[in-house]
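In what follows, structures are represented as structure tokens.
You will see two complexes here that share chain A, one where it goes with chain B and one where it goes with chain C.
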Partner chain A sequence: MSTNDDHHLDANAAGGALREIFSVDVTAAGTSCATCAHSFTFAEALLHAWAPGLVGRCPACGEVVFRLVRAPGRAWLDLRGTTCLDIRMPEGR
Partner chain B sequence: MARTAILERLTWRVGTVTELLQESPTARTIVLHIPGWPGHLGGQHVDLRLTAPDGYSTQRSYSIASAADGERVELTVEEIPDGEVSPYLTQVLEVGDALELRGPIGGWFVWRPGPPTPVQLIAGGSGLVPLMAMIRARAAAPGTGVAPFRLLYSVREPEALLYAAELGERATDGTGLEVTYAYTRLAPEGHERPPGRVDAALVRAVTWPPESRPSTFVCGPTGFVESAAGLLVAAGHDPALIRTERFGPTGGRP
Partner chain C sequence: MAGLVSRGFSGRRRTGDVKLPPGQYLTEDFPVLSSGPTPQVRTERWEFTITTETGAEHHWDWAALRALPAERFTTDLHCVTKWSKLGTTWEGVSLDTLFAGVETTAGYALAHSYGGYTTNLPLEDLLGGKAWIAFGYGGKDLAAEHGGPARLLVPHLYLWKSAKWVRGIRLMNADTPGFWEGVGYHNYGDPWREQRYWSD
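Then we have the complex of A and B:
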């Protein structure tokens, strides 16, 4: 699968869609790829948005780290390509 | 303020267009009044939702151009030919119209006022917009130890420059902002560099050296961002200090 095309964005752009689900900003979270163990910031994932959902790929190995599909009244979030999210919580929580 | 922006639940809000400013033949700034706006950081964006009379609805992300200023928020939109949304925003939208949006979004491609670490900004075309918000936020939060900023701004031709007058003023006001223009197709009379893409020599000549360990923000079309980030890494910059925001293949958000 080619990831070096000219069509991807950064997972920055998925921030709004993710904030529908999470109460904190996940794009700044440390992320570990389940395929190659590369650690990166979630926002650095390569985002493919010209699809029936949002697909994020590891910036190192190109494997899928998340899929997010939204429909009226529901959302599907597939995180099986991610082993861990290191989320910075607002102070006091 | 920043903390409020992070803690508050992200909801759709309705903003009212209070002003429209033509920035270039193809870009204009939409000034909005958004009741309840919690404030934002330079580099954050909003999602706009447009709904047609028949119920068809579509969303796009746009960078915030202004520094935090109460309930006033500015977006600068570059028109993408054949785009579904941007021609509406750059040609049809009028003062008094309502826009549905949510934000501020994003906690990574942001600049926070703090220690005076050097900052390198690299913009391709309308990729300048979120970087301009950082420049404006820096100017709005002066004090001891203001971070020195350098901007490398790649643009097609002089006519396409965004915020030309303001950038000129800010670059000469003695607060430590340096601006270099790189024209890719047509340079103004007397410009020191012939038209061409940003290359290794230019990066070496006008950006912070790797030893300065600048916080670096690169924004523009996908190809531009890949190329600029590659040049920085080849020049010896730590990839961990480089943050990028890609607009996609067309040079703007569709």
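Then we have the complex of A and C:
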């Protein structure tokens, strides 16, 4: 089976939705894929946005690393495809 | 080629003014939504499997599927992203036909697809003339972007339940959330009751 992937963005396009949830810029976080252990910057994930939610896929193996669904007054974020996020935190306040 | 029967299938027929489920708007085109790359599945490699709760497997290849009695039917589509498309014409094999030789007491089904997508629904929603393995749309072969060569079609539920590129159905005694049901979308997804999210 081959695939035809001409509909993805990079996960920077998920930045606005993620900023509604997190106080830091998650798109800059180091990300580890739970399927293939590939490490990449979150923004490098392949984003499929023409779907009932946002789906991010590993740029190496194509497996799902995050799913984000936004409803009025509520959001769901599934990160089971990600083993770790390496997040730079603001200090010195 | 097996016999072809036509069936006029529609939830609530419209006569003049359009009746849509709550919160939906009408569209004339056919939007393409997908949670990943479009699998390019060649029919010579296509297979479909029903796996029962005891592990018994029932397989069909493309020739076996197309040898079964097919139906042409017209139905309305309702996507959870709020568009509805009315009067779409399809060709496919009823799940009643595929399940005719399947022994099961399971209450739940998990459809799974080429590309990894899954969606869950009660087995009874696949039976009784309510669901098909569809391979034709608008008088033509079903395009890959719409789930071809074959997709599940369960039009009385929101369209995310109609798994594109369907590869099989696993029967289970316990319900298991699928790709979207596990991350906020309603477990059942009845558009007429506007069951979009967990909280609906």
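The definition used in the following text is that the second predicted complex is superposed on the first by the 88 of 93 C-alpha atoms of A that agree within 3 Å, B and C clash if a C-alpha of one lies under 4 Å from a C-alpha of the other, contacts with A are read in each partner's own complex, and residues count from 1 in each chain.
Methods note: contacts are C-beta pairs under 8 Å (C-beta built on N, C-alpha and C of every residue); 3 or more make two chains touch, one makes a residue touch a chain.
Fair warning: this is a prediction, and the values are worked out from it, not measured in the lab.
Once the two complexes are overlaid through chain A, chain B and chain C fit side by side, free of any clash as defined at the top of the document.
Judged by the touch definition given at the top, the superposed model places A:S32 against neither chain B nor chain C. Contacts of A:H7 after superposition on the shared chain: both chain B and chain C are touched. Taking Cα centres throughout, chain A sits at the apex of an angle toward chain B and chain C that amounts to 110 degrees, reported as a multiple of 10. Look at A:R19: by the touch rule set out above, it reaches chain B but stays clear of chain C. Of the two partner chains, chain C is the only one that A:R74 touches; chain B does not reach it.
Using the contact criterion defined above for the overlaid structures, shared-chain residue A:T41 touches chain B, although it does not reach chain C. In the superposed model, A:T83 makes contact with neither chain B nor chain C.
Using the contact criterion defined above for the overlaid structures, shared-chain residue A:A51 touches chain C, although it does not reach chain B. Once both complexes are placed on a shared chain A, the shortest Cα to Cα gap between chain B and chain C comes to 10 Å.
In the superposition on chain A, chain A positions 7-8 are in contact with chain B in one complex as well as with chain C in the other.
Those residues of chain A that touch chain C in the shared complex are 1-5, 7-8, 48, 50-53, 55, 57, 62-64, 67-69, 71, 74-78.
Remark: chain A residues 6-10, 12-13, 15-16, 19-20, 23-25, 27-28, 41-44, 90-91 touch chain B in the complex. Across the complex, chain C meets chain A through its residues 31-41, 45, 80-81, 114-116, 144, 160, 179-180, 182-185, 196-199. Within the complex formed with chain A, the residues of chain B that make contact are 3, 6-7, 9-10, 45-47, 59, 61, 102-103, 105-109, 222-223, 243-249.
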